[in-house]
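The first chain written gets the first letter, and so on, giving A, B, C, D, E, F, G and H; residue counts start at 1 in each chain.
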Amino acid sequence: MHEEITIGGFGGQGVLFIGRLLTEAAFREEREVVYMPAYGAEKRGGTVWCNVTISDERIGALFIARPTIAVAMNSASLNRFKQTTKADGLLIVNKSLVPETVSRGDISTVYIPANDLATEVGNSDIGNLVVLGALLARRPVVSLDSIHQIMKDSLGEKQQLLQMNQKALEKGYRWTKKEYTG
Amino acid sequence: MSEKTLMAGNIAIAEGAILAHCQAYFGYPITPQNELLEHMSKRMPEEGRVFVQTESELAAINMVYGAAASGCRAMTTTSSPGFSLQQEGLSYMAGAEIPAVVVNVMRGGPGLGDIGGAQGDYFQAVKGGGHGDYHLITLAPSSVQEMMDFAMLAFELADKYRNPVILLPDGFLGQAIEPVVMRPPVTKLPEKPWAITGARGRPKNIINSFAMDPVDYQPHVALLRQKFQRIKQNEVRYEGINLDDAALVMVAYGSAFRSAMTAMQMARQAGLKVGIFRPITLFPFPVAPLSNLSQKVKSFLVVELSLGQLIEDVRLSLSAEAKVELVNQFGGVPISADEILEAIEKIMK
Amino acid sequence: MVIDTERCKGCHLCIAFCPKEILRAADHINRMGYTPAEVEEKKTNECTGCGICAMMCPDIAITVHRLNKPK
Amino acid sequence: MARLNSKEAETILYQRPESMEARPFHFCPGCGHGIVFRLVGEVIDELKIRERAICVASIGCSVNSYEYFKCDGLESAHGRAPAVATAIKRCHPDLVPFTYQGDGDLAAIGTAEIVHACARGENITTIFVNNAIYGMTGGQMAPTTLLDMYSTSTTAGRKSALAGYPIRVCEMLSTLEGTAYIARVTVNSPAAVRKAKQAIKLAFRTQLANLGMSLVEVLSPCPTNWRVEPVKAMDWLAEHMLPQYPLGEYKVIEAVAALKKEVGNA
Amino acid sequence: MARLNSKEAETILYQRPESMEARPFHFCPGCGHGIVFRLVGEVIDELKIRERAICVASIGCSVNSYEYFKCDGLESAHGRAPAVATAIKRCHPDLVPFTYQGDGDLAAIGTAEIVHACARGENITTIFVNNAIYGMTGGQMAPTTLLDMYSTSTTAGRKSALAGYPIRVCEMLSTLEGTAYIARVTVNSPAAVRKAKQAIKLAFRTQLANLGMSLVEVLSPCPTNWRVEPVKAMDWLAEHMLPQYPLGEYKVIEAVAALKKEVGNA
Amino acid sequence: MSEKTLMAGNIAIAEGAILAHCQAYFGYPITPQNELLEHMSKRMPEEGRVFVQTESELAAINMVYGAAASGCRAMTTTSSPGFSLQQEGLSYMAGAEIPAVVVNVMRGGPGLGDIGGAQGDYFQAVKGGGHGDYHLITLAPSSVQEMMDFAMLAFELADKYRNPVILLPDGFLGQAIEPVVMRPPVTKLPEKPWAITGARGRPKNIINSFAMDPVDYQPHVALLRQKFQRIKQNEVRYEGINLDDAALVMVAYGSAFRSAMTAMQMARQAGLKVGIFRPITLFPFPVAPLSNLSQKVKSFLVVELSLGQLIEDVRLSLSAEAKVELVNQFGGVPISADEILEAIEKIMK
Amino acid sequence: MVIDTERCKGCHLCIAFCPKEILRAADHINRMGYTPAEVEEKKTNECTGCGICAMMCPDIAITVHRLNKPK
Amino acid sequence: MHEEITIGGFGGQGVLFIGRLLTEAAFREEREVVYMPAYGAEKRGGTVWCNVTISDERIGALFIARPTIAVAMNSASLNRFKQTTKADGLLIVNKSLVPETVSRGDISTVYIPANDLATEVGNSDIGNLVVLGALLARRPVVSLDSIHQIMKDSLGEKQQLLQMNQKALEKGYRWTKKEYTG
């Protein structure tokens, strides 16, 4: 197994957070993993992105030029990923904020109204977890359980927040399973 | 694998230093190594050790000088512009034979530049950015694990040779997060009878790099030369990957090496016999191993995040007939496996 | 007074300092993702043009005009 | 400050100073730098010195300040802006260089350069923005960080035994003979902003009258690294910074006092 | 100061301090450094701290000061002695590091380091020898060179318009909260030498009592670069330096005052 | 020969700068270049130009940055430890394309070292002691006449390429007194429309070496690379002596070259066919001329006042079969013609 | 009091400050080329052992002893 | 013509001064000349020395390892020069301060009581000029006139000093001509 995942969005959309979740999960599942955040210029506003490479072998490049899985949380990142996503790759788009679509036949796409779905579970801000659910629904790079466990470990005391997050994750997962069966 | 931890490169250096029993840390904030300083600001006091956020990189390197002269394992960490400010201090430390560790998490330059990762400080670290004749042992990690391991190694080598040791990752490695196997802490530190610890029951000690008359200073420099010679003989480190059947060998370190790894995998999949030679010590540079290799392989590709610095040492190492090409990025931009593959393909057909 | 809502970063200093208390946070976000300040519709006329909001605005998002009284 | 535009049926009371670019600031919401920049711009407008002013930027959140003013500008290495401005003024006495420096830049790495610009009595102006923190690098302790204050490098609060005491820059620099005008102001209320502008204006006037070194320290909020909302940051400043850093004029040599009298609040 | 040697039929009243090497100084005839060195040596003797004292030398005519004391010592880069001493003290609170710095070293290139050692309140002692000149490099202007004074880089006398004003180090550093004891003394008469020694002793005591930064500025003759005979240099000092650099104690925190009372002149 | 004057090397640099219409001088005392600063303290005000004795070498280099950014010909002079302190500033100047002249009258190192003459700062000057990818044009005078001439040339080259230029004599040359032909003063200075002179009747100018995003900074560094390429093509300078029939060629610069001259004369008298290749520009290094020479000559002897720094650039220039030996002094001690002759004899028999 | 004439650098501070004015410059030079201070022969007894000369000597060239009064 | 002259003595003996005089004279006589002082460590006491190379051709080395003419004003420099002086070279020793003699057959020597002779002209301090006279008497590397002219140019206003110097120079010259004829 070797997946190269890039996630992009606005600062504040929790892009780095779901990147870290994936990394931690892969780590717990005893895979090789590299997490590489964008840093610096993007610190204050602008588009933030991060790379997560998960593999069964020693990982080379820290950077991902052509992701096998790309997640676009805003238009700017879609603009980028629609070019770079690898053939046979998966591109997930947050339809709530990104009106554009992609016309490439050689990749799979998921258009998910992440913030709307998040609002349904009670917090429009956690569209990132909805998207993560979607990702795992289409490419189980790590298990949903690992993610749940990590959230439980870190948010144990904050039951309400934890439950909301879990719901968002599940929501994205189930929504995607349903909409994009196969 | 319970002893593994996920860790950012910068933090791994900090924890590696603590494991190596670094007793004093001095630093000044600069991106992309702020997390390292911040981590030390918490961890060093926790361990009952010295942490001072200094007024500048100049103060930091001179505090390291003082702490290490007084027998403590001491470290400072910075990034490129701050490292430039430390060149005078490094020359003093090399001159006075002060064992200490200086970390330069390199960013894009010259000038204020940017905060992307880069390797444009190669000459500065390896050839000596300061004045006078000296060398700094320079270690180039290429994974978060090595950030920790080489931080520890750096302290060992510093003490072994009474010489400053530079850890020279690029900014990308500082930010990258990878699993790390924690190492056992160092418990036994070397004796330092030369250190400035108070002239109690022994003749006084003096630490300096000075003589009124050049004729008196030269023998000291001659001793340093001997030491550098010993270091060259004993401390060369490198890694070779797929060298046995390689028709083309890439030479790379740090995050450029990581991209080269991926490029090599891609090339091999395409049937191209590519290997990698990775210098781990930049000083002492693995001259002999590369030279030997070039008896067999005639085609080399240097991959670096600078405008052609590493390539000079590679050229100086290779046999006469070997051909060397360069593929690089610079100014804070990472190099992708794709560009490297392209360069490989160009050479190999 | 006019707020350039696309320049506004939603710090709400103008709201806090307006002596007439006629400013409030909008209920939408702008392109940068901030909640801009706006004038409560009903209170538009209460603005004295004192300029305090502009003086406190860190993003030069506020321009204050005064209609000249016809002579 | 009011500008009458006779062709229009309305008077513009407040707008972007003419000497400033339209480009939006890159600062965080509620950052004091934005207010201070605008005040400098207004002063440049009012003294009509845009064509002579030189923005000597430093390194900190204001790193690219030269991009916001419509005057010539340049970047300095961290802490060295006073040296850069010194050289420009010595070479071109008709120009009006001003440094714009943060507390890390001026009071830590740049200590020697500001002290010696003051000691030499360079005829330059320094705008010194004290937000008690290293903003740009992510909120580490600055030399001006208050005792017990949180920063990312003093997470248990700054303790003097480990990290020393905050430096009072105006008090220190006022001991130097070459300083002509030194004042500490803040921007946490409309009245304070008005006073800050007066001080900045007087500082520039001091330079224009060739009276020596002028420096205005502006206590300024950094909501991001103080970890409070912008509006609360203004209160935090009043409550915590003012006791440690009393506002006021610390050095007004006679000639500056005379100048001040002469021009009043204009 | 008197040392009784019971086996001899005479009392030795003055001799080389035990903590000092027999090696003769490399200074010029009549150089004040020699007197100050001896005073430091006497204080080390009297406080019995030779085994704990660390001579942190700087760069100037006193460059190799570590060679004259029988304690451990090391060289610092130009201006950085306070940083070096800071580190030694932090690492070894039981040691007694003192820096020995000239006016070029401390007040020019080393400004930031001394200011921040003072701001941090490091528990170290600085002996600051102000001879108003760069002695070692051949008599160029120092930051403390007097107005109108000749130096090899102000051959027409120091003019403030070109070369700024002399810095009063004690006055400046006293504004910093971390300083515990700061005094200015001189060595141009037997009475002055006695006072100088008391101040140096109190400075070391301040360190021994962990009270914070202590600094003694010693106005000291440099006959060679002042271009006067040694004896005349003492008068020159009184006439020219004292008005610019008033003697006295500039900072005595309460704990130091208490200490002073406690020990008297001992 | 009435236009000749006896002059010390340090003074010749000062007067050369004044002839080149250096408008601003900033410096901090350090042996062995104090006479230069002292001379400027008198001469610059006499000429109505700017002289500031700075609080440090750091202030000096940053003042040079300011003065040169504002369009003035500006200079600072220092010696080895001070030059180390200027590395950050030099990187900034190279990055921001500031034309200015920095003189390093090298002394013995590393550390405080001593005040004898040396060439141990070769790497620092030629490879770049500061951070990031840049090059400094580096001129190596070897006579008092050249101290003056190259000071003038340095200003020309600096302005031509908007790049800092280093003048790199050793301390011995600074102290030596020789006859000098005075040159006519420069009267026409180049236009500098880019300079920071007040935005009067033109769009504003900005001088910097920074971008928030590496992707924006890289193109700037790429432009610098092009410039360095142009410099390499156009500005190589060297001197060859007795190369036509030489069986052994010495490579040397500065006062080491002077000793090599005498050694060559002695060798020739003994019938040994010895020549000298003297690089005048250390960057750009005369790679092609040396390389061509090595098609013909196979035996080289590098003479330097350092532990083997120049020799690396010589090795990088020579053809594969050429052999290179080293004879050197270091740490502030001069090299005598006798030792060089001995080395020559050892090689040639 | 005893002057180590080979350490003495002839600065003559001791001469200037001796309250008894019993010191003077010698008429010879020492190995370093300096004119050392010496006690005027006739005045040897006038020395009070006050130590001022030693206190002012920058080269630690003076040692002051006092003959102990027999008890 | 090619002469390599090294002069050594205590600081204050005027060693550098006569080196400069020789240099200036050679310069006026339009020869190639290099003057290389020792500097630094010797600044404050200790032995001072300087090199003067005078030649009809481009001069190489700044330093003189084996002088053709050596002048020892104190014992320390004699110690050095007795080894280094070139075969066929000339060694001048200030007998007033240097009791030692040299037993080398391959060089010429002059032992001149320079300070005593200087005392005779009224100033024991200008033994250096006496020695310079001696040097020129044995090896006319520059003309006596050139030296006189330079002294006149620089000391024009100080007639008494000038005359004293002139006398010392002549004294050394004539004494040597007389004592070491041939």
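In the analysis below, a contact is a pair of C-beta atoms (placed from the backbone, for glycine too) under 8 Å apart; a residue touches a chain by one contact, two chains touch by 3 or more.
Keep in mind the model is a prediction, meaning the values are calculated, not measured.
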Give me the step distance from chain A to chain G, shortest route via touching chains only.
3
I want to compare two interfaces, D-F and B-D. Which one has more contacting C-beta pairs?
D-F
Starting from the mean Cα coordinates of chain A and chain H, work out the distance between those two points in Å.
87
Can you give the whole-Å distance between the Cα centres of chain A and chain B?
35
When centres are defined as mean Cα positions, the distance from chain C to chain F in whole Å is 60
Could you put a whole-Å number on the gap between the CA centroids of chain E and chain H?
43
Where in chain B do residues touch two or more of the other chains?
31, 52, 55-56, 58, 81, 88, 92, 96, 111-112, 114-116, 208-210, 212-214
Touching two or more other chains - residue numbers and ranges from chain E
26-28, 63, 75, 77, 108-109, 111-112, 115-116, 120, 143, 163
Quick check on chain A: which residues sit in contact with 2+ other chains?
40-41, 45
In their shared complex, chain F is touched by residues of chain B numbered 58, 80-81, 83-85, 87-88, 91-96, 106, 108-116, 118, 120-121, 123-124, 127-134, 208-218, 220-222, 224-225, 228, 306-307, 309, 312, 315-316, 320-321, 329-333
Residue positions on chain E within touch of chain B in the complex are 26, 50-54, 56-57, 63-64, 66-67, 69-77, 80, 83-88, 90-92, 94-95, 112-113, 115-116, 120
Touching chain H in the complex: which residues of chain F?
1, 4, 6, 31-32, 114-116, 172-173, 175-179, 255, 258-265, 334, 336-338
Listed in rising order, the residues of chain A that touch chain B in the complex are 20, 23-24, 27, 30, 32-37, 39-41, 58-63, 65-66
Which positions of chain D touch chain B when the two form their complex?
59, 63, 75, 77-79, 104, 108-109, 111, 134, 136-138, 140-141, 143, 152-155, 162-163
